[in-house]
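Here subunit A shows up in two complexes: once beside subunit B, once beside subunit C.
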Partner chain A sequence: MNESQHLSSQFDDELSRLRTHVLQMGGLVETQVSAAIEAYTTGEVASVKTIVETDRKVNELEKAIDDDCAHIIAKRQPTASDLRLVLGISKIVTDLERAGDEAKKIAKGVRRIYENGHLPGQYGVGIRHLAEAALAMVRQALDAFARLDTPQAADVIRADTDVDAEFKSIIRQLITHMMEDPRTITTSIDIIWIARAIERIGDHAKNISEQVVYVVEGRDIRHTKEKVQ
Partner chain B sequence: MSSQIVNALVLILLSAGIAIPVGHFVVPWAGWAVFCAGLGLQMLFNFRNFARLDRWSQHPVVDASLEGEGAWDGIFGRLYRHEKELRDQIAERDDQIDRLFAALQALTDGVVALDLNQNIVYCNTTAEAQLGVAMERDRGQPIVNLVRQPEFVAYLSAGEFERPLTLRTDRGSDRVLSIFVIPYAGNRRLMQIKDVTQTDRLDRMRRDFVANVSHELRTPLTVLAGFLETLQEIDLDYDDRKRYLNMMAEQSKRMETIVQDLLTLSSIESAPPPENDLVDMTSLVDKLRRDGEALSAGRHQVVADTDGIFDLRGSEPELVSAFGNLVANAVRYTPAGGTVRIEWKATPQGAEFAVEDTGIGIDAKHIPRLTERFYRVDRGRSRDAGGTGLGLAIVKHSLNRHQAQLDIKSTPGVGSRFAARFPASRIARV
Partner chain C sequence: MQIHDTPTLKAEARNLNFFYGEAKALKGINMPIYDKKVTALIGPSGCGKSTYLRSFNRMHDLYPGNRYEGEIRFFPDNTNLLASDVDPIEVRMRIGMVFQKPNPFPKSIYENVAYGLRVRGENNKRVLDDKVEHALKGAAIWDEVKDRLQEMAPNLSGGQQQRLCIARALATDPELLLFDEPTSALDPIATGAIEELVHELKKRVTILIVTHNMQQAARVSDYTAYMYLGELIEFGKTDEIFIKPQDKRTEDYITGRMG
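Let's turn to the complex of A and B:
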């Protein structure tokens, strides 16, 4: 593990508390995403309001954690793996906050679809499948961060390709559908937005995993073709 | 101890005994030399044993060949026995601890022990599966880092554990857990986790059942009451009266069907095992096909396919009603122009009666609940189609009484297949 002993055990406590806060924020985002998907499949628009309200809490957590990071850097002047952990965390929270925003977008899209009275029909299954894959990515990325487990982070990065491919196939399907019956265009566009938001959630999970690799190994694998493990 | 001192003294006296005559009769320095040599030899002897003890104490092993010389032997012997006893005690403790952990592992409930900072100290395999943690990898990790659901985190930090927390996990499978937190050894926490998925499901089914019965009966009752009021208060001409009375008759018929189905269901549940009539499946399948065609009124193609090798043993009226229900459902939920296919085929385990359609299909998430009473995939639609919501519940019960399994496969927009699988004991060669 990363937790080497410091002379000041208070510093260790601060770092471990910071990590727990990040994971708490992650838990909130996971719940947001799964609630948004639940709303999509069940059509229970009432939960949309809760999702939008909880997003505010996620935003506040992002600010609080960023503040903690700044404090630790100023007060403790961390080096090596501690510095990487703090830097990684400040990037991870940005991705988490954006994933939370995407969940909010999904919820709002669901409300639009159901308020217009159109049901997603045969897209229910495809979208749910895509969402489950993206949600699993977020969960695994956070697990990888909790355990500082690079092989799992690598799994998440690889899984992103599948989610992207599935997203593209849903879009192709929707395009055919819209060409056949132009009356479905409004709903189809809403579904495209939702699929897009889910795909973005997958991307954020991938970014988080890249930060985990950076925190543990000190390698920056963003925007490279470098193979992970 | 005393024997060692005596030993040492004897040796000193011995060297002195040799040294004094030598010093007296030869030269004095030779006497001293002999005395020093005697003492030196004794020191060498002691030092050799001391070195052996030193070596052993660095890597203590239980080794019977470890022996001292002379007075040292006693010390080595006691150390050997002490070490051996200690090791036996440790082995016994280890054994006890292992048995304790094995007992914890054997519990069907999940158990997680947390330390003062809510880090994982121990968890059994049940808890590992329930929470998606792994004991080896996650020991020392704060539990909230891995079980991140906000309600769990809030529950654990609030510290009010009178009521268990009901938590829905979404790791792997969708399960409902009931988590009890028990403080122990000061401020440490022990979590006991029960899987209540089944109880939760039964509770929901019971609630849904009562709500559904009331709802299903109230709807026609409201219509009836409305018409009655109209008839009481307004003088209507003959035609209107006739029309209203017809509608009332329709609604009361509907209530009667629901009550009839409920009674059928409860009588099937409490009835003795079905008799063992031999049911002629070739003619039954043919009858089902004709009934299906009549219900379809030419809008569907109804095909029968039977290999005619086996007949079925069971209660004919129950089986006819169950199979008829499956065929009627297929016709109802298949758009005009579709195909309904009735099959009776031998399988490796026995035989299978199946109805396959090219209808609207059922979303996978509804399939496990289809045979619940009054469960409807699409509320408006199935009531319009004339169902009471009890059909599949009756089918499932009838089939269970014949040791048959109902297997449902469906793809939305493509079609469904309802298959009743009978065991070999229920079939007879024609």
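Let's turn to the complex of A and C:
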């Protein structure tokens, strides 16, 4: 990644503004995910509304950032690392927005469970742990983007394997529960949706990290078993 | 996406040095020119890209004190273009050149294109008519001038004059065409027409083009060479150079971090 300045300081400003907006959007999504986990543990259903409202801001930012990318491409015809940064960002915001959507799904699931008078903690053992891991991935992916740090991006990509394995084990547990006591089915299904949303958040963090590798090194490691350094 | 084609060599600079008197303008250039491909030379002013281009048709021979070292091999016959026993006139028959500013002769459109053929001793009117038409068609200007071939060439518009100069270069059936910033004096429409033409021409001729316009290099070329202070810094497929250059200096230049 090229840190030296362009001849056009305006271009430098545009790129740094773009990066700042991505981090701002990332911060919002991170808050959404962490609030959703909080709601799951504490039953603080009121925060669901905040999560949904934040989602609106996230959506607006996604559109604004994509628009800025289009303007930079049209006006500056970026090449090499600049081009990769703009392309990478335009993909990263898609993943961020979707991660935010997943947080919203978690929050809504939590609300359904509590409104039915159940406590999710009774069934979904390990959900909290899974969620913490996914949240950590989001944080690290955003960090890796902010510092254009490929080793950290590589850590996130590796962490996704653990999250996927944990997700599968939770599903197996829930299936056992449902077989033992069919009255738990309604809540268990809600918890499966939640677990699924968390697992997807991990996937989005992984995708973001893959884009960081592309931005920095120009290597496209999506859909490959290629090792990241 | 990787395209696995192995292009054939049309020319190759081998350890090429060039001196304007004492000043060394090219420093050990080693570079392939692939057959029926467009190769763009980019780099800041004074980097030697025009000097390099002009070495191919021995234009430097016209001034005393200029000196070459090394070789430019020209294929398929493997001639060293710089060898002292190679006739520059013969070289220029095989290697045409188009300049920055259109420079038609103060003659008719027809005579501009026929000129090179007449110099070669071709006087048969039917042959000349055929070749002139063919060259003008090749330069995508035939439809605009076919009814006024006897008009004076300098009366054409700048873009038309440039295409006429391309036709003039094409008339002798060259194997390599050298373009020295062919569109820097033209408006965007005329530029687009020349770029489109370059794309057509590479079906039959190899092209080496010097351009200051990086986007133009990205649009028209298959290979790009970045030169700086008389050295070849990086040579590669255009697609790769503009997305992931290997050398920091190339990166700085094409991303606009260096003048």
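Convention: the second predicted complex is superposed on the first by the 223 of 229 C-alpha atoms of A that agree within 3 Å, B and C clash if a C-alpha of one lies under 4 Å from a C-alpha of the other, contacts with A are read in each partner's own complex, and residues count from 1 in each chain.
In this text, a residue touches a chain if its C-beta (ideal position, glycine included) is under 8 Å from a C-beta of that chain, and two chains touch if they have at least 3 such contacts.
Here the structure is a predicted model, which is why all the values come from computation and not from measurement.
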Partner chain in contact with A:Thr41 - subunit B first, subunit C second, else both or neither: first
Touching partner for A:Thr31 - first (subunit B), second (subunit C), both, neither: first
Touching partner for A:Ile171 - first (subunit B), second (subunit C), both, neither: neither
First, second, both or neither for A:Leu23, with subunit B first and subunit C second: first
Of subunit B and subunit C, the chain that contacts the larger number of subunit A residues: B
Contacts of A:Ile73 with subunit B and subunit C, given as first, second, both or neither: neither
Parts of subunit A lying in touch with subunit C, wherever the complex brings them together: 2, 4-8, 11, 76-84, 218
Subunit A-facing residues of subunit C, complex: 214-215, 218, 242-245, 248, 250-252, 254-259
Contact footprint of subunit A on subunit B as seen in their complex: 132, 137-138, 140-142, 144-146, 148-150, 153, 170-171, 363-365, 412-413
List of subunit A residues in touch with subunit B within their complex: 1, 16, 19-20, 23-24, 26-28, 30-31, 34, 41, 122, 124-125, 135, 139, 142-143, 146-147, 149
